[in-house]
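Across the two complexes that follow, chain A remains constant while its partner is chain B and subsequently chain C.
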Partner chain A sequence: MANKKVSKKDIASLLEQWRQQFAVFAPSRESGVAAFAEWDGKDVSFLDWYRNTVVPPKASFLPPMEEMFRFEKGTEGYNIKPRPEEENKRLLFGVRPCDARAIAIVDMTFKDAYQDPYYLSKRNNTLLVGLSCTNPCESCFCTSMGTGPAESADVDLMLVDIGDEFLIEEVTDKGKELTRDLKEATEEDEAKAEQSKKAAYDRVTRKLNTEGIKDRLLASFDDQGFWEKTAAKCISCGICTLLCPTCYCFDISDEMVKQEGTRFRSWDSCGFPNYTKMPMENPRQEKWRRVRQKVCHKYEFYPMTFDVVACTGCGRCVRLCPVNWDITQVIESVPDKTGVNK
Partner chain B sequence: MTVADTRFFAQGNVYLPHIAVIEKIVEETPGVRTFHFNLKDEKLREEFTFASGQFAQYSVLGVGEAPFCISSSPTRPDHLEFAVQKVGKVTNALHRLGVGSEIGFRGPYGNSFPLDYLKGKNLVFVGGGIGLAPLRSLIWNVLDNRDIYNKVDIVYGARTPTDLCFKYDLEAWDKDKTVNMVTTVDRGDDSWKGKVGVVPKILEEVAPSARESAAIVCGPPVMIRFTFPVLEKLGFAPEQMLTTLEKRMKCGIGKCGRCNIGNIYVCRDGPVFSYAQIKDFVSSEY
Partner chain C sequence: MEQKLRQEAKALLEHKKVDWIIGFAPGSLKFTATPLITNDKDDTERLVINPFMVNNLADFLTGLEGRVGIVAKGCDSRSIISLIQDNKLAREDVVILAVPCPGLIDLAKVERLVGKYRDELDDISRDGDKVTVTADGQKKEFTASQVLFDHCLACELPTPQEYDILLSEPRPPAPELETSGQNKAKLKETPPAERWRFWKNELSRCIRCYACRNVCPACFCQRCFVEETEPQWLMPIPRWQDNLNFQIIRNIHVAGRCTDCGECERVCPVNIPLRSLTREMYDIVGELFKFKSGMDREAQPLMVHYEQEEAEDSFR
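The block that comes next holds the complex of A and B.
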C-alpha cells in the first residue's frame, strides 16, 4: 500500500476540509501554555514552533476539570440530571508518538472492568493524527520506552516531515478515509521519510535501561533509605504527575448553590499528601512513600496489571520539574537486589 | 478473587447515584450511627442484590461522597444498612441527616467474602470498633445458614464499653449457643464485667484451632497488623486469614487511583483479601 503525501502549505486547507466533519484540535499557545485547542481555521504556525505541548493531549479526554452530572433539591427530594451524551466527532492533529502511546496506555484503565463513560464517550469519537518529531528535546527518551519520534502504532494517520511536504502513513481504516483525495507518495518521498525518521531517532540521545525494572523495583520496595534519598529534593508540587500523559488520577467533588448542585471531577496527584488521607490515618503521609508510589506505579504496578510500562519517555517530568528531579536518573539508580533474598 | 458481578448498575453511567431514603437511625456509640435505608425507586429496590463484604458509595449531595460497606446481611433483604463514624466532612453531614432524608447511593462494588471457601469450616471472626460492620454482614449471613458452617468464634473489642458497636448483635450472639462470643475492651469501667485487653491479646487467649478454619479480621489498621502474627502463631496459613481493607476512595471502580496497595486496588480487587495477597506490601503500605 502506497503512502500519501501533502504539501506543508496545503495543511490549512486539509484541516479546513476535515473541519467539515470533525471538531479539529491542534497545538496552540492561546491559553499561555502550549496545549491542544480547537483550531481557529487559519493559524498553522504551530508547524514552526511546535516541539510538544506542555499540557498532554490526555486533557482532551480527561479534562483538568469536568462536570459529571447536576442535581437539584426540590419538594419531592433530589433529582439527578445526567449530562447529555457526547456525540461530537473530534480529530486531534499533531499528536506526538509518545503522547499517542500514552493515550493507548490510559485507555486500558478507563476500559478496564467498569467502562468510564466520560472518558470513553470522547475517546471513542476521536481520531488521532500523529506528527513525527524532527527536533526532539534533550529530555526526551522515547526510544527507550517502546516508541520513537516517528512511531505510528497508536495513531490513525502519521505525518512524517520530508522537507516541504509530509508523507502520510495510513495506519487505520478510519484514518484512510481522511486521505482519499491526497496524492500518493513517490519512491523518492519514501526514501526521504526513512532518512528523516532515522535522523530523528539519532537525535534522541537520552537513553534509559529499563531491563528488569519491574523486578528491581519490587525487590527494592522496602528500601526506605533509597526512597528517602530519591525523594529528598521533591517539593510535592505534583507537576510531574498532573502533566504526565499517562497519569490519570482524579478527585471527585460536589458544589451546591442554593438548591442546585454539580458533581465534578478534577486532576489529582499521588504527590499530594491529602490524596490518600483518611480522617484517622494516612498510608502515604511521608514524602518518600508518595515518590515511591509515583515511580512504582509507572514502572512496577502498571506492568503487573496491564503488562506495559506507564511511561513513554515524553520527558515532560524532566523538563518541567522545578527542582530538576529526573526520573531517568532514579530508574538507573534503583539498586539491583533481585538476586538477594528479601 | 475478581471483580464482583456488576449486572445491577453496570448499564449506563456507573457514576450516577440512585436516590435512597433513610428509614431508621441507630445510635451505636457517641460517634457512630447505623443508617437503615432503601432505594427510592421500587423497581431498583426489588432488583438490587449484593454479597457480604461488598461496599457502596454514599453521598450527601452537595457535600460529597464516601465509601462504606453494606453492614446488613443479604439474607435479610427487607432493607440495607451502613454504619458511619463521624470523622470527616461527608460523615459529619451524614450524621446531620434524619429519618426520611435522601442520600445518593451507587454500588455495590468490590468483591465479597468467599462463601464457598468458608462453607464447612470453623470460622473465627476478629473485629475491632466499627470494623465489626463488614463482619456483621457475614456473621448474620452465616447464622442464617447455620447448618453449612462449623464452629463460630467471635472475638470483638473496642477501646471502652461505650465504644462497642452493635451491642444488640453482641447480646444476640452471646445468647446463641452455637456461637462462642468473646467481647473485650482496652479499658473497662466500674460496671464492665467482660474481658479487658486488646483484641490480639485476647485472641491469643481464646486460641482457636487453625485446623479446617478460616479467620476473618477487620478493625483499625493497628489491630489488623497485630492480629496476623497471632494467627500465624496459632498455625493459620496466610491463605486462611481474610480481611477487608479500607482506603480513601473517590470512584470506587478502579479509576481514580488512590486506594492502591502495590498493584492492587482495594476497590477493584478487594476490599476482601487474604493475607497471602497483601503480605508483600503490608509492611510499608498498610
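The block that comes next holds the complex of A and C.
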C-alpha cells in the first residue's frame, strides 16, 4: 500500500481542514514555553524546531492540574457534581516519536485494572499525528530505548521529512481517514524517506546499554553507598519527573469555600520528600531513597509490571536538570552485582 | 588555575583538613559543568573551572556533615557568608577556594544571538572581553556583555571577599554594572494593571517543580510554608494565583538573604523571569536598609536586627 505525501507549505491548510472535525493541538511557544497548545490557525513554525517541546504532550491527557468534580455540603452529607464528559474530538499534531512512545507507556497504567476515566476520556478521543526528527539533540537517546527519530509504531499518522514535503505513513485506520484527499507518495519519495530516517537515526549519538538493567537494579537495590553517591548533587526539584513524558504521578487535593468544594488532581513527583510523607513516618525522607525510587520505577518496576522500560530517551531530564544529573550516566554506573548472591 | 585547584583540593582531603570537596566536574553535555560533591581524593582530578560553572554551590553546604572545602565564585561566597550570618554554618567548617570570576556565559543568549541551538555549536571560547562562537566552521565574535548572564552583568563581587585559598589574581567588579536586566527595567515603566497581567501570564505556566526554591541557598528552611497542611497556606496545584502567592512569599522570605545569584531564574524550566522579582527585592533591601547580604560576615542578618535610626519609611 502506498504512503501519502503533503507539501510543507500545505500543512497549514491541512490542519485547517482537520480543524473542521477536531480540536487541533500543535507545538507552540505562545505561552512562553514550548508546549502543545490549541493551534491558532496559522503558526506552523514548529515544523522547523530543532528541539522537542519542554512540556511533553502527556499534559494533554494528564494536565498539570484538573478539576475532578465539585461537591456541595448538604444537610445529609455531600452532593457530588460530576464533571461533564469530554466529548471534544482532538488531534495532536507534531508529536515526536519518543513522546508518542511515552503516551503508549502511560496508557498501560491508566488502562490497566483500573480504567482512569479522567485520562481515558481525553486519550480515547484523541488522534496522534507524529513528526519525525531530522536533528536529534545531543541529549537524545531514543534509539537505545526501543524507538527512534522516525519510529511510527505509536501514532495514527507519521510525517517523515523528505525536504520540501512530508511523506505520510498511514499507521491506523483512523489515521487513514484523515489523508484520503492527499496525493500518493512516489517510489522516489519512499527512497528519500528511508534516507532521511537513516540519517536521523545515525545522528542520535548518545547511547545507553539497558541490557539486564532490571536485574542489575534489583541486585543493587540495597547498595546505599551507590545511591548516596548517585543522589549527591540532586536538589530534589521536580523538573525531571514532572516534565518526563512517562511520569504520571499525581496528587489529589480538595478546596472548600464555605459549603462548596472542588477536588483537584495535579502533577506530583517522587522527588519531593512530601510525596511519601505519612503520619509518624516518611519511608523516603532521605534523598538517596527518592532518587533510587525514580530510577528503579522507570528501569526496574515498570519492566516488571509491563515488560517495558518507562523511559523513551527523549532527553528532557538530561537537558533541563539544574545540576546536569544525567540518567544515562546513572544507568551506566549501576554496579553489576547480579552474580553475587546466587 | 585548574591545576592549582586540583592540588589544593586533593591536599585538603589528604590531610583531613576537610571531609568533603564541592566543586565542578565536566558536564555530560556541551558547554556544561556539573556539581561534584566528593570525599574521594582521586575525584579532585576531575575538578574544572570554566565559563559554564553556573551552579551556586553554597546550596549543597547545609546538607553535608563535617568540614567542607568549596569552590566559590564571588556570588557563591556571598551565599556562604549569608549562611554563616544566619548561623546555618560555622566559618571554621568551611574552606573557601576562591575563584575570581569573569562572569558566566548564558547559553540562551548565545542561542538567540547566533540563531542556533547549543547542540549545533562547535565551540564557545572567551578571551578577555571577546567571546568567539564557532558553528559550521564559521566564527562569530561577541563582547562578553552580550553573552553573560544578566546577574553577572550586575555582579558586585567577582572575587570572594572572604576566602582561605585564592586560586588566581583577584578581579574587580566591572566599572559599570547593568543591574536590572531587560525585563525589570521595562516592568518598572509598565502601569500596574498591565504588570498584573504580565505576571498572571508568566506565572500561569509554573508547574510547581520548586527548582527555584531548591537551588536557592537562601531557602534553607527544613519545612517550607508551601508544603504545610495545617494551616494550608497554598493549594498544591499549579493555579496561577497560588503560583503567584508562592513566588511573592518566597521572595519576602529571602529578603536580606538573596544575593542576586540568579539561580532561580536560570533553572526555571518554563522561563519565568523570576529575577525580575528577586532583584527588585534586592534593590528595595539595599535602598531602605543599606544592606547587602553576604558581603560582611560580622554584620547582623537583616531580619533579626533593628536599629532605631532605621528610616521610618521602612514601614510602609
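The rule is short, and it goes like this: the second predicted complex is superposed on the first by the 337 of 342 C-alpha atoms of A that agree within 3 Å, B and C clash if a C-alpha of one lies under 4 Å from a C-alpha of the other, contacts with A are read in each partner's own complex, and residues count from 1 in each chain.
The rule is short, and it goes like this: a residue touches a chain if its C-beta (ideal position, glycine included) is under 8 Å from a C-beta of that chain, and two chains touch if they have at least 3 such contacts.
Keep in mind it's a predicted model, so treat the numbers as computed, not measured.
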Considering only touches as defined above, state whether A:Tyr78 meets chain B (first), chain C (second), both or neither.
first
Could you tell me if A:Leu243 is touching chain B, chain C, both of them or neither one (first, second, both, neither)?
second
So in the superposed three-chain picture, is A:Phe46 touching just chain B, just chain C, both, or none of them (first/second/both/neither)?
neither
Once the structures are superposed on A, label A:Met65 by its partner contacts, choosing first (chain B), second (chain C), both or neither.
second
For A:Ser253, select first, second, both or neither according to whether it touches chain B, chain C, the two together, or no partner.
both
Once the shared chain is lined up, is A:Leu320 touching chain B (first), chain C (second), both, or neither of them?
second
Which partner chains sit in contact with A:Cys137 here, chain B, chain C, both or neither? Use first/second/both/neither.
second
Is A:Lys233 touching the first partner chain B, the second partner chain C, both, or neither of them?
second
Based on the superposed arrangement, let me know which partner A:Tyr299 touches: chain B (first), chain C (second), both, or neither?
neither
Which residues form the common part of the chain A surface touched by chain B and by chain C?
251, 253, 255
For the complex, which residues does chain B have touching chain A?
3, 6, 10, 12-17, 19, 21, 40, 59, 61-65, 87-88, 91, 102, 104, 220-221, 246-248, 250-251, 253-263, 268, 280-281, 283-286
Given the complex with chain C, which residues does chain A contribute to the contact?
31-33, 35, 50-51, 54-55, 64-65, 135, 137-139, 232-233, 235-239, 242-243, 251, 253, 255, 264, 266-267, 269, 272, 274, 287, 318-320, 322-326, 328-329
Flag every residue of chain A that touches chain B in the complex, lowest number first.
68-69, 71, 73, 77-78, 80, 82, 109-110, 112-118, 221-222, 224, 248-256, 261, 263, 265, 268, 270, 275-281, 283-284, 289, 293, 296-297, 300-302, 304-305
Under the stated contact criterion, what part of chain C meets chain A in this complex?
27-30, 32-38, 55, 59-60, 63, 117-120, 201-202, 204-205, 207-211, 213-215, 227, 235-239, 263, 266-267, 269-272
